[in-house]
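Below are structures written as structure tokens.
One chain, subunit A, links the two complexes that follow: it is found with subunit B in the first and with subunit C in the second.
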Partner chain A sequence: MKFKRLVERIALTRPGDFLRRNLGPTVLLIFLLTFPLWEGSVSGPVHIKFLERMRLVGIYTIVAVGLNLLLGYAGQVSLGHGAFMGIGAYASSLLALRAHVPVYLTILMAMLVAVLISLIISPILRLRGHYLAMATLGFAIISFVVLREMTWLTKGNEGLMGIPKLSLPGVEVRTMGGEYYFIWIIAFLILIFSRNLVNSRLGRALKALHHSEVAAETMGINTSWYKIKIFALSAAYAGLAGALFAHIHSFINPGIFQLNLSIILLVMVVLGGMASIWGSIAGATVVVFLPKVLEAIPYWFGNKSLTQWFSNNYSNLEPMIFGIVLILVMIFMPSGLTRGLSDFFRYRRSPFVNPLKRGSGI
Partner chain B sequence: MNETHFLKVENLTKLFGGLAAVNDVSFSVDKGSIKAIIGPNGAGKTTLFDLLIGVQQPNSGSIWFEGKNIVGYKAHQIADLGMSRTFQTIQLFGNMTVLENVMVGRHARTTSEFTQVGLRLPKFLREERKIKEEALKNLELVGLGLQADKLADTLSFGQQRLLELARALATSPKLILLDEPAAGLNTYEIEELRNLIYKIRDMGITVLLVEHNMGLVMRVSDEVLVLDYGQVIAEGSPEQVRDDPKVIEAYLGVEVNDFGGEG
Partner chain C sequence: MLKVEGLSSFYGHIEALRAVDLRVRAGDITTILGSNGAGKTTLLRTISGLVPARYGRILYFGKDITNLRPERMVKMGISHVPEGRQIFGDMTVRENLELGAYLRYRRDPSSAIKKDMDFVFKLFPILKERESQVAGTLSGGEQQMLAIGRALMSKPRLLLLDEPSNGLAPKVIRDIFACLQQLHQEGITILLVEQDVQIALNIADYGYILRAGKIVLEGTAEELSQNQTIKEIYLGE
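This part shows the complex of A and B:
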């Protein structure tokens, strides 16, 4: 009977399913695990420090995944996740510096602090769309000012120095390779956890409330509570990422976690693709490597003075470059890089849309 | 007293500014019956559904569902209690597949939380599999089994209405509210819908139906309630209501006036 076969096809798990579901992640894992072994042979010739940068990609991936759950799946925008990173970074650093708590514990505590603060401000989730964006913007500004002005605790603009390195019970992670593995193992686990999350009743609930809150409620979904939960989870991810950031850089100040950072995080989500867990890696990769590639290009053509000029001026140009990239992607590839490309391979559909044709795009 | 009724609505009123969209409405619904609510456009039928399901809160009155006054309950709590609905203006999750839409309907009847889901613990896997099976059963019931993998957006209008029905059924309701399920359907589809409504009733689900298609209402319902300007103007068997002068006036009166006004 047709129906029976249908049930079998869709509902029942078959032997190959595990492999099929995990093929992509396995390839990614192998790539990540072996990367430090061969990256050196690529790094040199192209003048990009891959390993150093890949640590950052891992950190940003963690935040971007959370932000993607919040924005891409649940449809709730946040301009405050840079601030949650800052909160995590400061919480972890201060606990390690002042209270001498081991770093593997301060990282967990940093996540808790970020969650607590997200719960305190969670009433703003009753706001919708632009209003929520404005409220989270307010939160980002307040956090920045508080970090700057609470000088007795945070030393203000001067920042915190000598932040201890990452550690596991008994071992301090000192090498760049060690940090790379530390960060990426966490990032990978978070990717898998989040992927599982979206392929479940919880992920469906998020997508449902994104589309129609009334219909979602009618299906028994406590929409306001789900928004709070996913907001808190994404804050935990951001707090974790902030803590990792602090412990690999050993120096932080409030300026790092300004609104700029929140916007760049959003750029990653949009670039990678809304409602796309793996896209977060793509978004983070582009954001981290784009400046380095731009910086290296003149070098490839033997023009050192241009490289010099570029690295001196890049930080001023960065917002503009990302602005341009963002606008181009929004116009031509509104479903993001990963979705656009996977659509291309799966349906042989061009990843580019013609913006002049109405109704094209997502 | 109130426990004896499956659903009992008492003196329910909903004001929008100065307009009483639902005005002192009282009625009751017997378990296992099919009751229709009819009335001219703007009579307050959809608003009444919104009040029952908790999407809107009434200004006064009470709603007794299985002996409990559910006024003040949130929509998701009422879904948990076993009331579900379809929408007059279709409210599907268009970016999800047909199957996923119905799977969302199982939300109220499942419990896996973040850790179980994130780590794919056995409880989650068992539950997820049951969700899929139940959802497919409901899709099959409304005849959409073969569309399971399509995006909800891509279905025809009639199929989308059926999908809403499947999704509402997936919540395992005791009472289902159908808001104009026949709107936009052709005669063949309406006939199918009628059989479907009987099937739903035979599953032990009580049906409350808002419908403009009088042919369907007269044949399918055990009882009919007539609203006009937010008030109950008649209640009884389809035959009683059809012959009620007040009902005829409410329907025809409007038309005659409109006719006169324009001509």
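This part shows the complex of A and C:
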């Protein structure tokens, strides 16, 4: 019955209407599909390796969307998503290295492991606001220590080397372009799925519990169950992204998945815009490309030594740069880049005010 | 319809309700009166499952519903209009009402939900005008109407109302209470918590006076409005 209605709806939708309603995603899809064809002509002159970086943008987009569902829609803070990425990365790599499971399966298993662990720690979701942030922070620290100290399994600080490349049944994905498509097809599907999710009944329930848990409960929404569900979903996204990360870099160590990563993931969400699915791409793009652009600027003016200095000292500068960017965005564009700019164009509203502002924060 | 026996609930070590006994007859408007901090809100929250009960039990049509999760209560037809309205300020009026029908999504056809929404719009025509307006921009009275309308969308048999007069102008209060009487005539049982004794006793059939977590007095609305103590303490005569 439901299926029949769905078929009817698809048959009755005119292509023009469909395009108009899905203009953003369509443009994005075309951009993503053709990107590798023309990026070469841009990459050279501006001295930024776009294709290589875009793979990372895809990976971070996946995590950021999940974190945005949790933070932006359901209003639950997590400082532990870097750890879920680490868990996914290690689970997938170890299964591939030790048990020789094909990579396309280890990625799925990595998601499963992340979900299981998120369910085990889900009682912390009873905590609210700052307390939840502290608890997830604790989780991030514990995961880091466990990954570092369980040397018999993870080889500690030494890290895992020679992690197999991404693969599909029968084919190994070897080229950078192949990896790019592999990651972005997954990322795009996740974006569409998440968009439909927040526009569904469940999405509305999440927004309701974000606004007022008491009111949501009196509507008959089982708030604790929904919080667990969305926490597990975002952990699955993070596990998936972590696994992809491991298989394109072929080397991981616990240091990559420290607290720092969790904070950068939060920066992406806030930067792109809370409660904005497409904002997650914007946030991930800025975070991935900002350091590269800063590095390239002196090069554009012919100062190669400054570029060299910058890339040597980047790890020291990183927290400072993102700190400054975060502060500036919070002050001047509190609703995030995407909403701020789209409101500016759509309603001629200044991007510097927050339309979502209300009494209670997150 | 609803029977509360020896109900006690605590916030930490503080006993907010002390062995409360209460009865709500089907089709009645029952009111719980008392001053600030008497435990009125706690009592309603315990009945709707938001605050756990430590001792005692709550019977609904003879069935023990003590400490069930709030969504079970909503499913069984107990709908709570929380204190301070708690509408979803960044959603439209329509979305708020749709959320009220949250649990009926799979059970009832959309035509039934639409019918109930029309009923709410008939009861509060102003909400129809404001249908696609963001709820946070409504006035206090309109928000209260929306909160009641939202609760009605779950098709309750028992409506729990927590101080609907709170912070509203006298005329708006009269309008809302007129609507409550209309709901009463439609056959919805109402349990009303109020501070404004006079206006509550005007529409109620039966009332309880709560003081420091205990029921100190009960009776029909007429008895209570004639009662000398109440006149002195609450009505200031």
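Going forward, the second predicted complex is superposed on the first by the 335 of 362 C-alpha atoms of A that agree within 3 Å, B and C clash if a C-alpha of one lies under 4 Å from a C-alpha of the other, contacts with A are read in each partner's own complex, and residues count from 1 in each chain.
Throughout what follows, a contact is a pair of C-beta atoms (placed from the backbone, for glycine too) under 8 Å apart; a residue touches a chain by one contact, two chains touch by 3 or more.
Everything quoted here is computed from the prediction, not taken from an experiment.
Counting the residues of subunit A touched by each of subunit B and subunit C gives the higher count for B. Looking at the shared chain after the overlay, A:Ile120 reaches neither subunit B nor subunit C.
By the touch criterion defined above, A:Asn222 reaches both subunit B and subunit C. When both complexes are overlaid on chain A, the residue A:Leu37 reaches neither subunit B nor subunit C. In the superposed model, A:His211 makes contact with both subunit B and subunit C.
Contact with neither subunit B nor subunit C is seen for A:Met320 once the two complexes are overlaid on the shared chain. Contact with subunit B, but none with subunit C, is seen for A:Leu233 once the two complexes are overlaid on the shared chain. Once the two complexes are overlaid on the shared chain, A:Leu202 sits against subunit B while remaining clear of subunit C. Shared-chain residue A:Phe193: touches subunit B; no touch with subunit C. Annotation: subunit A residues 201, 204-205, 207-208, 211-212, 214-215, 217-222 touch subunit B in one complex and subunit C in the other. On subunit B, the positions that touch subunit A within their shared complex are 53-55, 74-76, 79-80, 84-85, 87, 91-96, 99-100, 103-110, 112-114, 117-120, 124-125, 127-129, 131-133, 136, 140, 145-146, 148-149, 167-168, 171. Looking at the complex, you find that subunit C touches subunit A at residues 48-50, 69-71, 73-75, 79-82, 86-91, 95, 98-100, 102-103, 105, 136, 150-151, 154.
Considering their complex, residues 2-3, 6-7, 10-13, 193-194, 196-197, 200-202, 204-205, 207-208, 211-212, 214-223, 229, 233 of subunit A touch subunit B.
Considering their complex, residues 201, 204-205, 207-208, 211-212, 214-215, 217-222, 356, 358 of subunit A touch subunit C.
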